[in-house]
Every structure is written in structure tokens, then in C-alpha cells.
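Following are the structures in question.
Presented sequentially are two complexes of chain A, the first with chain B as partner and the second with chain C.
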Partner chain A sequence: MAYGTFTEIFFYLFVVLIIFGALVAVTSPILMKAVMGLAMAMFGIAGLYLYLNSPFLALMQILIYVGAVCIMIVFGIMVGYTPKQLAEYAIGPKNTLLAIVTSLLTLGVLSFALVKTQWVPATGAGSGDYSLAHLGETLMTRYGLAFELISVILMIAMIGAVAITWNGKRRGIK
Partner chain B sequence: MISYTLHTYLIIAVFLLAIGLYGIMQHRSMIGMLISIELILNGAGLNFMAFNRFLAPDPTTGQIFTLFIMGLAAAEAAIAVSLIFAVYRKYKTSDPEQISDLRG
Partner chain C sequence: MPPELLRMIIASVIVVAFVFLNAMILGYMERKVSAHIQRRPGLMEVGPHGILQLLIDGIKLIGKQLIVPEGSNRFLFRLAPLLSFAPCVLPFVVIPFSKKLQIVSMDISLIFILAMTSINVIAILVAGWASNNKYSLFGTFRSVAQAVSYEIPMLLSLLSIIFMTSTFSLQGIVAAQKYYWFILVQPLAFIIYFISGMAETNRAPFDMPEAESELTAGFHTEYSGMGFSFFFLAEYANMFTVCSIATVLFLGGWKGIPLPLGDFTGIVWFMLKVYGLLFVMIWIRWTYPRVRFDQLMSFCWKYLIPFALVNLLITAVVVKLI
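Here is the complex of A and B:
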């Protein structure tokens, strides 16, 4: 009983982390604070992955999103902007009303739809093998194409990122 | 037990989608828009994981899909940051409304 209560409390904590982090990420006019909010929301989502029975995905979430993507965006901010511009790029008053209406409409319509829908689980849902060994074996056999594709995409993205920012003598963007 | 129902996770994912849309429309810098796109991608991954946990017969499918989304998000962030560098170097601004001329 106490164990269940503790897990519930931690679940609420993760949800609060997600909501607060996402709000900071989209409303802060200072971009560095926005990235910190993004990292906070990612941590919360990693916690939810623990509740969804997959600690490996939670660790990958922290490693890839918090460790790689957020750091890359931080580098993007520090190299590309000066602090004065950071403060100047405040949120424009022009689009705010439109953005609020659109996002609230999306939230309302989709929440209504998913609450009204009767979700029917497949036979044997939630009782499969969640172990990391089974995941790795499936990744190597049945989903080998997805594995190869993501490897090629990551390599092309790395080469492309270097090629786009290349300030070489012969070609490229001046 | 709110942590054991499908609807909780789906509503959190919809919240992430909605707040990401808000951020894309209202932010005036391209890095801010990139942050909002990352939020939307995370909402998609959470959605897949929730359906995988509660509805799918094979629990590896959703996990692999979410790993795929993470890899794509990393590649997309790398490309986007380098594009922002290139645009900033050429136009000296990061306001997306200022970048409006094409050259053939």
C-alpha cells in the first residue's frame, strides 16, 4: 500500500515537471531558460517511461534528449546569438492570441476525442517480454531495417550539418 | 491509480502537442521554434509508448518506434542548428520574419 502511494506521488511529481518545464520552454523570452525548461520536461518524460515498463527507454531519453539535443541547442544559442539579442527577441504581441486559440482548440478537440474513444486492447496486451535482451534481439532480427535506416540517417545528418556550416574556400555559404 | 490508465498518458501527450504548437506560432526566434518542435516530438514518443504498454500485443514494437523517433529528433536538431548558423551568418538575424528574400 505504501509502495503504491509512493509511486503515485512520484508520478504526480513527474507530471508537474513536464507541465512546468514545457510552460517555461515556450513562454520564456530568454532562450537559455527555454532550453532549461525543455530539459526539465524531458526528465519528466523519462520518468513516465519508467512507469511504462521500460527503463531502457528512460535512460535513452535522458542520454539523447537531455544529454545531446539540449546541449546542441545550447551551443547553437551561445555561438549564434549575443546576449543583447537574446533579451530583445521577446515574444511578439501579434501572434499570441492566435497561438493561444489554436493550441487550446487542439487540446480541447483531441482530449475530447480520446476520452470519448473506446480503446480496446489487443489480446495479450501488456503481458509480453519487456526485457532488454528481447528488445535487442528484435532490433537485430525483425526490425533490422529500421536499425540500418536510422544509422544511415544519422551519418547523413552529421555529414550534412558539417557541409552546411562549412565556410570553406571553394564552395559553401559565405 | 492514475499512473495505470491509458488516458493519463494520452492527455499528457496532447498537452505537449498543444503547447508545442503554441510555442511554434508565438516564438520569434528560430531556436525557440526548434525547442517547440522537440516538445511535439516528445509528445509523439510518449503516445507510442503508452499505446505500446496498454494496447499492443508485442511490447517491443513501440519501444523501437520511440527509439527511431529519438534518433530522428537528434538528426533533425543537428541539421536545424547548422541551418540556423548558416542563415545567421548570411542574414545577421534570427528573426524568421526578416528572412524573406530568395536568390536564384
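Here is the complex of A and C:
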């Protein structure tokens, strides 16, 4: 029992970390602080994975989301605009509408999934083999299609990035 | 108190003490080696051959005032040194110093180390941005571009070893080098890893982020006292981590000729190998001039990454065939 409450404290700690980080991320007027909030939320999610006894996923969360995604965002902020330009930049009514629709749709889809899923305790589900070798094997066989689709999405993102910079380069020459 | 908790507390104290000691040893080594390379005696005043100089420097830095520059972001400015120092200490928890001396044995210790070292870049970003100084910001730009690019060949070169051992456990990788060191079969991977490691730790000839002649000190220009020393400690701890990964993956870890030291044989060999590599790092720093930034980037993207990919492909084919 004592062990149970001890780990539960960690669970709530991580949840508070996620919520606080997410709030900082959406409310902070300074973009740099917002990214720090995002990184904090990502750390909290990694902590939740650790709590769920999946250290591999937790470390991947840190390596990819904190170590790569957040840094890329910050890099984008730094080379993009100065803080003064950002302060003067007004979000138009069209963008506001689009943002509201997107966030409401995301909320709807997520809550739909949350309500519809039948939750089973982790100990009772699956084969019980959660080793790294088993994980790799299932990714290559059973979830092969999903794995390939993710690489296609990454490919599209890369091509898109090249296309955007290409146009910018041409505009610069003119 | 449960024995496991007590063990963790003792281990944490030892690790932090070791990080400080390591910075002092490396600081002394760096100044002495650089001095001898430039044909001057170097530290001579405090203690015999100046060995107490770094201790005095440490005390001096603790006594210095912490200055927060005007117009900077106070909270992030104060946070950055801690953010840089904490993740650099954590890899020491999983490094196998000898067969028995490893604080936590994990299946995925290599991924753990890589994840922790990737947090360091965020600290540099925060420091550079919060300083409100153009030199800091330029240093940060360079540092992040460099760290993000050089992480790719580094991971690719490590992957070729993972292909051979099919384990992420550092003890498992050491055990796999029973008959020969992996540097003999993967010399290219070792060279690529060592070069990327030097770039990741911002060491010369890749020290563009803190190029003194053009950027004063890069991202930590505005830091004084303990704020500066935390960056300094983190840099040396990172150097140690990079060299210890190289030792474990390519140089057989704690394995070596048996010495009449009992259980200490392993740790003696491990330390000899790691500090040998660190000496090479310092040697390179004081021998080669700094590269230009475009050279730095093209070297990574046009040479290191293709070579690492080809090496990985050949390793995969050979491992499959054997």
C-alpha cells in the first residue's frame, strides 16, 4: 500500500507537470517561454510512460520531442522573426476562425476516442512480452503498414520543407 | 531507510563528486597539455606544478557575484546553467566503470545516455536567448545547427555497433567484445563517432559556438561565477561521457590485461582508456585551427553522413550474411 501511494504521488506530479507546461505553452505571450512550456509537458508525458513501466518509450519521447522537435521550433522562432515583429503581427479574422475550428475538431476527435475506447488494465492485456526485440519485431511484421505510412508522412514533410525554402530562395533572388 | 534508497543516495553523491573532480582533472590536463604543446611551462605557481590551481579557481568562482544582464529574461537566464548541468550528470548513472561498478543496469542504457545528452542543446538555447546579447545569440545559432547536424552521423555510427551486438545494454556490448575490440572491425564508425563527438561537445576545431576571436565566448558570454562554472562542468562531463561511450563501444570497455589489483583492474583499464581518448581530444584542439562554419556544415552533410550510411549498409549486409 505504501509503495502504491508513493508511485501515485509521482503520477499526479507528472499530470500537474503536463497541465502546467501545456498552460504555459498556450498562454505565454513570449514564444520562447511557450516552447519551454511545451518541453515541460513533453517531460511530463515521458514521466507518464515511465510510470506505465515503459522506459523505452519514455526515453524516445525525450530524445525526439524534447531533443529534436522543441529545438527545431526554437530554431524556427530564432531565424524567423524578432520579438518586436511578432508583437506587431496581428492574427487576421480568417486565421482566428481556422484556429478555432481546428482546435474544436481536435478536441472532438480526442474526446470521441476517449469515450469510445474500452479501457483494460495494462497487466491484463497483450502477450506480456514487452522487450525491445519483441517491439521491433511487431513493428516490422504486424504493424508494418503503420510503420511504412509514418515514413511516407515524414517523406512528404521533407519534400514540403524543401519546396517552401525553394520558393523563398527564388523570391530572394528577385 | 530501505537499503536500495540508501544505495541510490550514496551513488548520487559519488557521481556528483566525480563530475567535479573530473572537471578539475580535465581543466588541469587541458592547461598543462596546451602549455607543453606551445612550449611553455603552464601552471606552476599554486602547489607543485600548479596542481592546486583548479581548486583555487573553483573557490574563486563560487565567491563571484552572479550578474544578470539588463533586459534579459531573469528566470530563464538563471535556469539555463542548471538545465545544462543536470542532464550531464545523469549518464554517469549507467556507464559501466567495471564489471561490478555500475549504478543502474538498464537494457537501454545507450538510449538513456543519448536522450540525456540531447537535452543539453535546450540549455544552450535558453542561455543564449535569455542573455539578450548578440554574441550569445549568434553562438546559440551556430551551436544548435551544429549539434542537430552532428547528431545524425553520431547515431548512425553507433547503430552499426548495435547491428553487430543487437543490444542497447552497455554491459552487453562490452561482453560482445570478448575476443576483439570493435575498433578493429569498425574503424570508420569509430572515426566518424569521435569527430561527431568532438563537434557535439563544441570542442575545437569545431568550437564555432564559442569562437573567442569573433563571439567573445558564445552562449555563455554573459555568465559569471557559478553560472559560468556550471557550463564549464557540463562541458567536461559531456567530454567524459562521449569518450566513455567510445571506450565501451569500440575499445572493449573495462576489459584489459589482468593486473594484480583484484576488482579494481576493470576500473583502472576503463579510466586509462577514457583519459587516453580525452588526451587525444585536447591534443587535437591545440593542434588544428578552427574550421569555418560553412566548412563545418558541408563536412557533416557531404562527408560524414554518407560515409556513416554506407558503413551502416555494409555492416547490415555482413551481419545478415554471417
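Operating definition for what follows: the second predicted complex is superposed on the first by the 119 of 174 C-alpha atoms of A that agree within 3 Å, B and C clash if a C-alpha of one lies under 4 Å from a C-alpha of the other, contacts with A are read in each partner's own complex, and residues count from 1 in each chain.
FYI, a residue touches a chain if its C-beta (ideal position, glycine included) is under 8 Å from a C-beta of that chain, and two chains touch if they have at least 3 such contacts.
Not measured: the values here are computed from a predicted model.
By the document's definition of touching, of the two partners only chain C reaches A:55; chain B does not. By the touch criterion defined above, A:36 lies against chain C but remains apart from chain B after alignment on the C-alpha atoms of chain A. Of the two partner chains placed by superposition, chain B and chain C are both touched by A:75.
Looking at the superposed arrangement, the partner reaching more residues of chain A, out of chain B and chain C, is B.
Touch criterion met: A:67 reaches chain C, while chain B stays clear of it.
With the contact threshold set out at the top, residues 56, 60, 68, 72, 75, 79 of chain A are in contact with chain B in one structure and with chain C in the other.
Across the interface of their complex, chain B is touched by residues 4, 7-8, 11-12, 15, 18-19, 22-23, 25-26, 31, 34-35, 38, 41-42, 45, 48-49, 51-54, 56-57, 60-61, 64-65, 68-69, 72-73, 75-77, 79-81, 85, 89-92, 95-96, 98-100, 102-104, 106-107, 110-111, 114-115, 119-126, 128-130, 134-135, 138-139, 143, 146, 150, 153-154, 156-158, 160-162, 164-165, 167, 173-174 of chain A. Across the complex, chain A is touched by residues 1-3, 6-7, 9-12, 14-23, 25-29, 31-32, 34-36, 38-39, 42, 45-46, 49-50, 52-60, 63-64, 66-68, 70-79, 81-86, 88-90, 94-95 of chain B. Those residues of chain A whose C-beta lies close enough to touch chain C in the complex are 30, 32-33, 36, 39, 55-56, 59-60, 62-63, 66-68, 70-72, 74-75, 78-79, 131-133. Against chain A, in their complex, chain C makes its touches with residues 73, 76, 106-108, 111-112, 114-116, 118-119, 121-122, 125-126, 129-130, 137, 140-141, 144-145, 148, 166, 168.
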